[in-house]
Every structure is written in C-alpha cells, then in structure tokens.
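Both complexes shown next keep subunit A, but they swap its partner, so subunit B is in the first and subunit C is in the second.
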Partner chain A sequence: MIVRPRREDHLVIGKYTGKIIVGVGLLMLIPLATSIAFAEWDTAVDFVISISACLAFGMGTQLVCRTERDLSWSHGFIVASGSWIVATILGALPHYLSGHEGSYLDAMFDVMSGYTTTGLYMLQDLDHAAMGLNMWRHLLTYAGGQGIVVIALTFLFKGTSGAYKVYVGEGKDERLLPNVVQTARAIWLVSLTWLVLGTLALFATGAWLGQGPVRAFFHAMWVFMGAWSTGGFAPQSYNTMWFHSLLYEVIAAVIMIAGSFNFALHWAVWTGKRREIVRNVETISFAVTLTITTLVATFWLAKSGVYPDAMALFRKAFYQLASGHTTTGFATIYSRAFVTQWGPVGMLAVTAAMAIGASACSTAGGIKGIRIGIISKAIVQDIRRMISPESSVVRTKFHHVRDIWLDDGLVRTAMTVTVAYLSMYAFGALLGTLFGYDFVQSAFESVSAGSNTGLSCGVTSPFMPWLMKVVYILQMWLGRLEFMSVFALFGYGYAVVRGR
Partner chain B sequence: MALRRRHLGIVLVALAIAVALGLFGRTISVACAYVSPNTPSSTDLVEEPLRWDDRTVSFVGEVIGEAMVRGDMAWLHINDDGYYLKNVEEGSGLHGYNAGMPVWLPADLARQVEVFGDYKHEGEVVEVRGTFNAACATHGGDMDIHATELVRVRPGHAVVDQVRPWKIALAAGLALLALILWWAQRVSGLTLERGAVTRRTP
Partner chain C sequence: MAERIRRDEGYPSLTAREHWGRYALGVLTETAFILALTLVAYGLAVLAMAIW
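What follows is the complex of A and B.
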C-alpha cells in the first residue's frame, strides 16, 4: 500500500526548498554587482526582479511551511530534486528578461544546463550579451558544480542532521569530514583555492595573448568556472577556440581534468596523501578510457587526413576527448566540425568518452569512472572464478581512498545505475532519430545532454522541436542527480495522488 | 497474465505520442535563420571545409570582442550572422546563434578597427580578403582565414542600455513583497520563540 504523504511531510519539504531558493536569490547578488560595476542598468534591473522573486518565494514558502521536524531520507531526495526544478524556473528569469532567449523554455534549458554543468545553450547572440548575464551563466555552472544544496548547506543550514540527506540527494555521498556542513565547507575551500590559482594562470596567459586586462580577467574567471565545474560555458560563441593558444588550452585542460576528480580524492591530496592520485580506481579508469578513446579518434582523424600534422592532430583530438570525457564541453573546433571533419568514428569515440564521464562526487557527469572500474573488476573476478578450482575463494578489492572489497551489492548498484544511464542515452537518441536527425548525431547529442557534457554537433539549437528541449532538460536533470532523487520526487507525486 | 486497464492506457499514450511525432515532428535544418552577406558564408565554410580549403575568399562581417595582437600579427573575430548590422540589444530580434570566422591578419590592419561588438556596442563592419584554411597548419589545426586586406565598410556605434519602465515597476513591486515577507518571517519567528519560552516556564 502506498502511504499518502501527511501535511507534516509537505511542510518539511517546503521549508527546506524555500531555504535553498533563498540561497539561489542571494547568489544573484554577484551578477547584480557585476552589472552595476559595468553600468548595465537594464541587466541590473533584471537581477533585482529575479532576486526579489527568489526571496519572495523562498521566504513565503518558509513562512507557510513552519515546522520543527527534521528531514528523513525520502524528504532529502525530494528536496534536492524539487529545489533544482524550482531553482531552474526562478533562475531563468534573468535569461528570459535579457531578451536573448526565444522562449521561457529556452531560458529554463540554459539554467538547467548551467546548474547541471552541462554547457548546452539556447541563448542567442551570446557575443552581445551583458557582463552581468555572462557572470550569472558562469556562476550557475560553478555553483551547480559544487551543488546548489552545498551552497545552502554552507550558509543557510545550521547543524541539522537532515542536511546530510539533502546533500546525498544531490548526487554526492562522500563525507570528507564527520559533519556534513564541514564537508560542504571543505568542498568550497578546495574549489575557491583552485578558483584563485586557475584564474590567475588564465588571466596572465590571456593578457600575454593580447587581451585587455579587464577582458582577460573576466574571461579567465569564467573559463575557469566553465572548466573546474566541467560546465563548458564560455563568454564568446567561439568557446575556447577564441584564444587560439596551446598554452591556454593546456591550462584549461588541467583545470577541467582536476575538476572532474572526486572531491574525496582532492581532499586526500589536500591532506597530504598524494599517492591517492595514482592508486584510486577512478583515476586509473579515467586514464585507461581516455587513452583508448583518444587513440581511436586520433587513428581515424589521421586516416582521414583532416589535420595537417601530428601536433595539430593530437592537440585537437586530445582536447576534444579530454573535454568530452571530463564532461566539460569546451571545444576548439566548430560544433558542426564534428560532423563535417571528424566523421562518424570520431564522433562515436567522443560519444563513448562522454557516456563514461569522470568521477563520482565531482562536478562531472556520466556513468562515472568508479562504476566502470567496479564493473570491469567484477567481470575479471567472474573470469577468475571460472578458471579457479571450485573450492577456492576468489575475492577482489579496489582502491578508492581506502581499500574496498568488491561484493555483489556494490556490483549490482553500479550495474543498475549504468543501465539507467544507457537507457536514458538510448531514449534521447531514439527521440532525435524519430524527429529526423541522423542517428549518430542524435546519439552524440543525447549522450552529451544526459552525461552533462555540453559538446554539440549542431542538433541542439533554439529551433529544435520543443519536445526535444524538454527531454534534454529532463536528461540533464536525471543525469546530474543520478536518478534516485528524481525517482523519489516522482514517487512523492504519485503518492500524493494515489496514496491512502 | 491479463493485460490490465492501466497497461492498456500506457500503450495508448505511447502510441499517441508516436503518431504525434510522426505527424508534427519535423527536422529543423541546422542552417541558420538569417542571410549572410558572404558567399561562402561562415556556415558554408564550416559545412563544406574541403570545398573551400586553401581558396581565396572575401568575408564581410562585424568585428566582435577585441583584437588580440601577437607581435606583427593579430586575431580578429568577424561575425556574418543575423546580428552583424543590428544586435539583440538594439532590437534586431532573434536570428539564432552567432556565426563567424577567426581572421589572422597583420596587426596594422587590425589596429584600424576602433569599435568591437559587445553588449554596449555594435562593432565595425569590415571586409577582409584572404585564404581560408579548413585546418590551419600554422595554428594547430584551427579553421581560419589568413587575410592580407581589410576594408572598413561601416563604423561601429554605442548601443544605449535603456531600462524599460515596466521592469522598474515589477522590480519595485517584487522587492516590496520580499521585504514584507522577510518582516513577516521575523515576526513569526519571534512569536514562535516567545511561545516556546512561555511553554517552558509555566
């Protein structure tokens, strides 16, 4: 029997959702300040409207939903997934008011893409967009990468045990420190340190490449945010091709690879355990699959003779593949060049890299290296069992911060989530094909949305059918929250209607 | 196992979606919703790189962002999209994504450009002439144009950042609402605390 949620359940969910939306409103103060600094008055007013709407919703909800009850596990999942939807609806206001979006759905697409660190966008005439709006776009990916719940945990939740349940609901389950709020702050400490160092490195390079100091600084900060959060937004429509620089690409690649690593790995290195980088199952899995996909793409591109020399070939192949595998979405080629220059094999290599994705509990999306590692180990273990004497006990362990024995429960969970991702990718690809797009291109785009990558081969555009936009929004949301929270929200909705 | 009514419903909905997709679903061309002043346009160059590779092209468009001077040479980015004469902030309407080409040319020519397109400016429209490279050997495989000539076609201009009155009214109304709710929340919080204290001290 499905139990209908009680009034108290609605209240506790409403209260915490309200808190998170207040956090989103406060976050908009940064783009507001940017707009004021650059005397972009129309954009500044857009942000005043949006901040007020977020605060009114957040405080109004908390006022209506007054309760002292703490969150249960199911509440945590529902708050995490539900608040992402509300944050998307309200966070889309600045985009829509800017006049650069074709519809409110397009604006929501961009905001969901930002929060989920995907990087696909519908915004038109990006090259004439305001500094404030660009700040908001990149802040969305930076904040979304850490998790908007993490932001709220850091600043708005005070010592509630239920906070951990919302944190897990947002697709993160690593507890770096005993307390979840301390964990959230540790994530911020690591991220902000990288922000300062990464921005400085890109700023110095940009200035050396001929950019003015102001543009060099803001481009550096935004490219950092796009890389670290594996978001892939960039301030110009040319993406990172804008800079035409090997050095800039190398720095961006280092940042996006670092950003795609597990926060637990960052914390281990931060606390002096440097060997973790070479021992961790996720980094090993990432290195192996990145090498294989890069080799396949390089072989194909060399065979087709697209690039003039080995250096250009490796530079283009590695950058696009690293960007795809870390689920960042930066590109130094035109979107359509995947079709017109890379061809189906090159595209399939990138699609495979995007599908796998990077590390769990990072800013990246996709199936995740740890699951690929677990499934690979399980297959090897089964083969070993088959060739060992019946009486022997075959056990396997893997290293992820500590040594962990592989058991059936772990393998089953990894397989379940992997199958869920593959089904989602296939559904999006099928839908695109039904709309008349080429299957390889549909698969590329569907995987890009579902794995929160953001590379595009030209399917995503403001002119694509609205149903595909809705499906891509759902794919981005499902992929980022790794299904469970979203299923919990659907279950909650079902229980409200059909429960007793 | 008998087919339940609920299952039948799901099948019917799925069929309806499939029929709707078939009837109303249409492939949207990746081509842009504007007319470029160029033949070949930037879209043509990207769509058929081998056809135009190593050929001399003329390219007209708005210079955006900045000139990145590197020694005696410089990079310009020239857009031939739906916004090259009038951008969204000026009320051009929406014409899809930006589109253009990076152009590598002598720094002296790049320095002639005075206004670059951004939020507050509609950039200068220039015409460049040079060689198109599908994968440039000098620039790590980038798709670009190596230009030797630049002609200024139309000067750039500042764009007025006009605040719409309805937005100010909406901002004031929502800010007031947020303020009232913040005040109400404070009062209600205090009332709750007082209630708790009263309950603890009979």
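What follows is the complex of A and C.
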C-alpha cells in the first residue's frame, strides 16, 4: 500500500498509464482503416482526431513521467483501474464526434460498456451507424474482453517484471504458462483461433441466409466479437434477433459459452487435459446453475403459454438464459418482452443467472462460478462437520486445473467478493427504485450493469437520469475489475489528498 | 527474453504445427460440452410443453 505517494509513485503510474493509452490509440487504426475502405470520410476524420488525442496524451505522459522504476503491486492495481477511466474518456471521442450520442456522458457510457464487455448502450440510430464506428464498438468489446492490459502486455510491456501486477489488477490472476507475457500470448492464441473458426461459421451461415459476402463477413466478425468477449454488442438495433435463424443462434450460443470459460480451462483442454471440462469446479457450477435457471424460466414460460411450441420455447428461453449467465447480453426478444411476456419469475431467473455470471479469468463478469463453487463446497463441508464425530477431521477439496484443498482463506475471499457484488447490485436496484422505476426492473438492470451482462428490460436509455448513467458506469467498472483495483485507486486518491 | 531462451533450448513455440492437433481436439471437446448443455435445455423445453 502506498502510505503517502511520492513523486516516483506518480511517475511510474503515469508512465504505464501512458503506455496503455498509446495502445488504445493504435487500436483505433483498425476502425480508421475500415472507414477509409468504405469511403466514410467524416468517420475517418473522427478517428484521426481521436488517435491524435490518445497518442498526444499517452506519449506526453510517458515523456513527463520518465522513470526507470518498475511497478509495485499497488502501482499495478492503480494503473489497471486508472487506465480504464482514461481509456474511456479518450475512447469516447469517436462515439461523440459521430453525432450518434446525446451527450459526452452517453458516449462514455457506451465506451465503458464496451471495454467492460457489458453491452448496454445509449447510441442512437444504431442501424445507420458507420462501418468504422461499428468496427470500433466491437473492437472495444473484443479488446476489453481480452483485457486492455493483456494487449499492452503483448505488444508494449515486453518482459517487464511488473507487468504481471497490472495483469492481476485487471481481474485476470491465472498464469497459463510460467511467463506472464507467454500467458498473454496463450490467451491471444485461444482467442484468435476461436475468432477465425467462429467468424467462418457465422459468415457461412450469414451467406447461406442470403447476406452479401461483405455484409456477411463484417456481421460475422462483429457478432463473434460480441459473443466471444461476452459483450453483447451487435451491428443492428434488433441485436441477434435480426437474423431469425436457429443455426445462427446456436453458433452464437456456442461462442458465447466458450468465451465465458476460464482461459486456464481452455489452455488445459487444449493441451491434452480434456477431462478437465467435466471435472473443473467452474464448469460444473456453470452447468448446474444454467440448468436450474433455464428450468425455472422454461417451466414458467410454458405455464404462461407465451410460446406456441417446444422449439420456440427452447430458442427463446435457452438463448436469453445462456446470454445472461455468460454475461453476454445478446437477445432474441425485445427488451420490454422481459416485462410484458416473461414476467417476474422469468426475470428473476435471468437476474439470478446474470448475478452469478460465468468463469473467473475469462471475458465474463458477475460473481463467477468458482466463487459459487467454493461457497457451495464450504456449506457442504460445514454440514459434514456438524454431523461427524467431534474428533474427526473434515476436509474438502475442489478441482480447478489441479486439486485444491478448501481453506478458510479461500472461503473468506470468495465470500468477501460475493458480498461486494451483492451490495453493488442492491445499491443500483435501490437507486433505480428511488428514481421511480419498478423494483424488479431496477434490480434486473442494476445486475445487468454490475455483472457486465447488457441485457435490458428497457430501463437503460438516453433519457434515464444522468445519476443512474454515472452509477451504471461505476457498476460496470467495479464489476469488471472485481473491486480491488478500484479500491486501490480510491485509496491512492485519498492518500494524495491527505498527503497535501 | 524468456521466450528466446526457451526457443534456443529447443522448446517449440505456442503456434508450432505439432500442437495443432491437440488444439483442434480442445476446440471440439469444448464445442461438444456446450452442445450437450444445449440439448439438456431442449429436453427441458419438451418436458415443460408436455406438462403444460
């Protein structure tokens, strides 16, 4: 902990934040190229301005903050959380300059939603947005899913020993390989392989459905990015309902569930430990909670007679539940259908799925399956202790890549983060209720923002109170970084003020 | 630096062709697991419609 920040602390934080913002600026070259390719000159100018701003800030900060000192743990956490805020402010420039946003706050909302792979958005007239802007929206969510820091680690940090500390600060604390840069590359390998396979499958389906090759390709790539990153952005306002295709939905569901798996699980399965997928505590937890929430919603919707046959019921129920549970946010129903057709029980099932979320060290948000697994195991262990003879020693282990003994420290950490998530969900729900929204709808939307899901029942809109927009931005940020990095940033800010 | 040392010692890189088979099996395993979950959901829908 930085008790009283010194000049060297500011310099090292500034230097690494600058590096990450340069990375954001370089990322904008891809939508700039897209704009030029499609002769969208106004959008191209927007990106030139935005790239210039990012490079000026990033390079200027590195110039001012010259230091040879490496990152400490505290610095890593602060850089991870602080760079997301700066990246949001500067990344919002193309959105704002496009004229599709009502205000700069709305543009920041959309960009934070993209980085955090949430998927809620304020952008107006999405169906007429430029190709370059759509490329930026989906790239944001793909880059955010990978972790902005993973990108910087791969291309900018090289072998810096302190890089791992920023990587952990971004909520990814698994080493797939002994070297952290190698770990970042392994994450890229998994993601890019799925990118090629997923885009090809969606492209072939889109072309088969009658899309032209260029449109089919870009839609396939963007839907892949929205699914894999569990972001939920789509290039049209009807989201994935626009395709009206069972095959497209199944492929999207496979990609979003795969995207919600822990990268350590991917790597284990890819390197020969194929049984890991049925032994890992996270996949078991995910399979159980997905089945339970799907069961509740399916039986409720069948009883309500909302859908005419089993296939329609399966397509609507499973897709929304899988989307909610993986914290993707793709939808094949209208937002208001959650309220008018699904009712409180259906909404509760989706809310529970979103709140739990998917795997740690993945692109997904929420409490995470591993914490639910640990807490469930701890409850079973306590029950076994109660019914066992006093002299007996009851110990439990769980499997996550390797067998791990359950200890009090692990349970305490899992409980702490779970309580933090539940408190955040409750705060957002209460705030929405105070602004006059129905409690169930407020809770749905708050959980959706805090768990980085992006499903909406209609609360999120450019016309909602600005305070709710700010709180949802904070919820998305807190939820994605899993609190600790943000708390470290607040602590640093407090120490700076107190130091004066 | 670390990567360079490993390659010099004869370790194949992550993208070496000899890994591709295992990676492909990994993708297939993941897809099969997800499709199994999807089938369970379809079974639930059939059951629910049969009851109501």
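Keep this in mind: the second predicted complex is superposed on the first by the 496 of 500 C-alpha atoms of A that agree within 3 Å, B and C clash if a C-alpha of one lies under 4 Å from a C-alpha of the other, contacts with A are read in each partner's own complex, and residues count from 1 in each chain.
The working rule: a residue touches a chain if its C-beta (ideal position, glycine included) is under 8 Å from a C-beta of that chain, and two chains touch if they have at least 3 such contacts.
Please read all numbers here as calculations on a predicted model, not as lab measurements.
By the touch criterion defined above, A:G102 reaches subunit B but does not reach subunit C.
Of the two partner chains placed by superposition, only subunit B is touched by A:Q341; subunit C is not. Of the two partners, subunit B and subunit C, it is B that touches more residues of subunit A.
Of the two partner chains, neither subunit B nor subunit C is touched by A:S376. Residue contacts after overlaying the shared chain place A:Y238 against subunit B, while subunit C stays out of touching range. By the touch criterion defined above, A:D309 lies against subunit B and subunit C together after alignment on the C-alpha atoms of chain A. In the superposition on chain A, A:Q211 makes contact with subunit B only, while subunit C stays out of contact range.
Overlap of the subunit B and subunit C interfaces on subunit A: residues 309, 311, 313. By the touch criterion given at the top, residues 159, 178-179, 181-182, 185-186, 189, 193-194, 197, 250, 253-254, 257-258, 261, 266, 269-272, 274, 277-278, 283, 287, 290-291, 294-295, 298-299, 301-303, 305, 309-311, 313-314, 317-318, 321-322 of subunit A touch subunit C in their complex. Only residues 39-43, 45-46, 48-49, 51-53, 55-56, 59-60, 62-63, 66, 97, 99-100, 102, 124-131, 209-212, 215, 236-238, 241-244, 246, 306-309, 311-313, 315-316, 332-334, 336-337, 340-341, 431, 434-437, 458-459, 461-465, 467 of subunit A touch subunit B when the two sit together in their complex. Across the interface of their complex, subunit A is touched by residues 18, 21-22, 25-30, 33, 46-49, 64-70, 74-75, 77, 79, 81-83, 87-89, 92, 94-100, 102, 117-120, 122, 134-137, 139-144, 161-164, 167-168, 170-171, 174-175, 177-178, 181-182, 184-185, 188, 192 of subunit B. Partner subunit A is touched in their complex by these residues of subunit C: 1-3, 14-15, 22-23, 25-27, 29-31, 33-35, 37-38, 40-42, 44-46, 48-49, 51-52.
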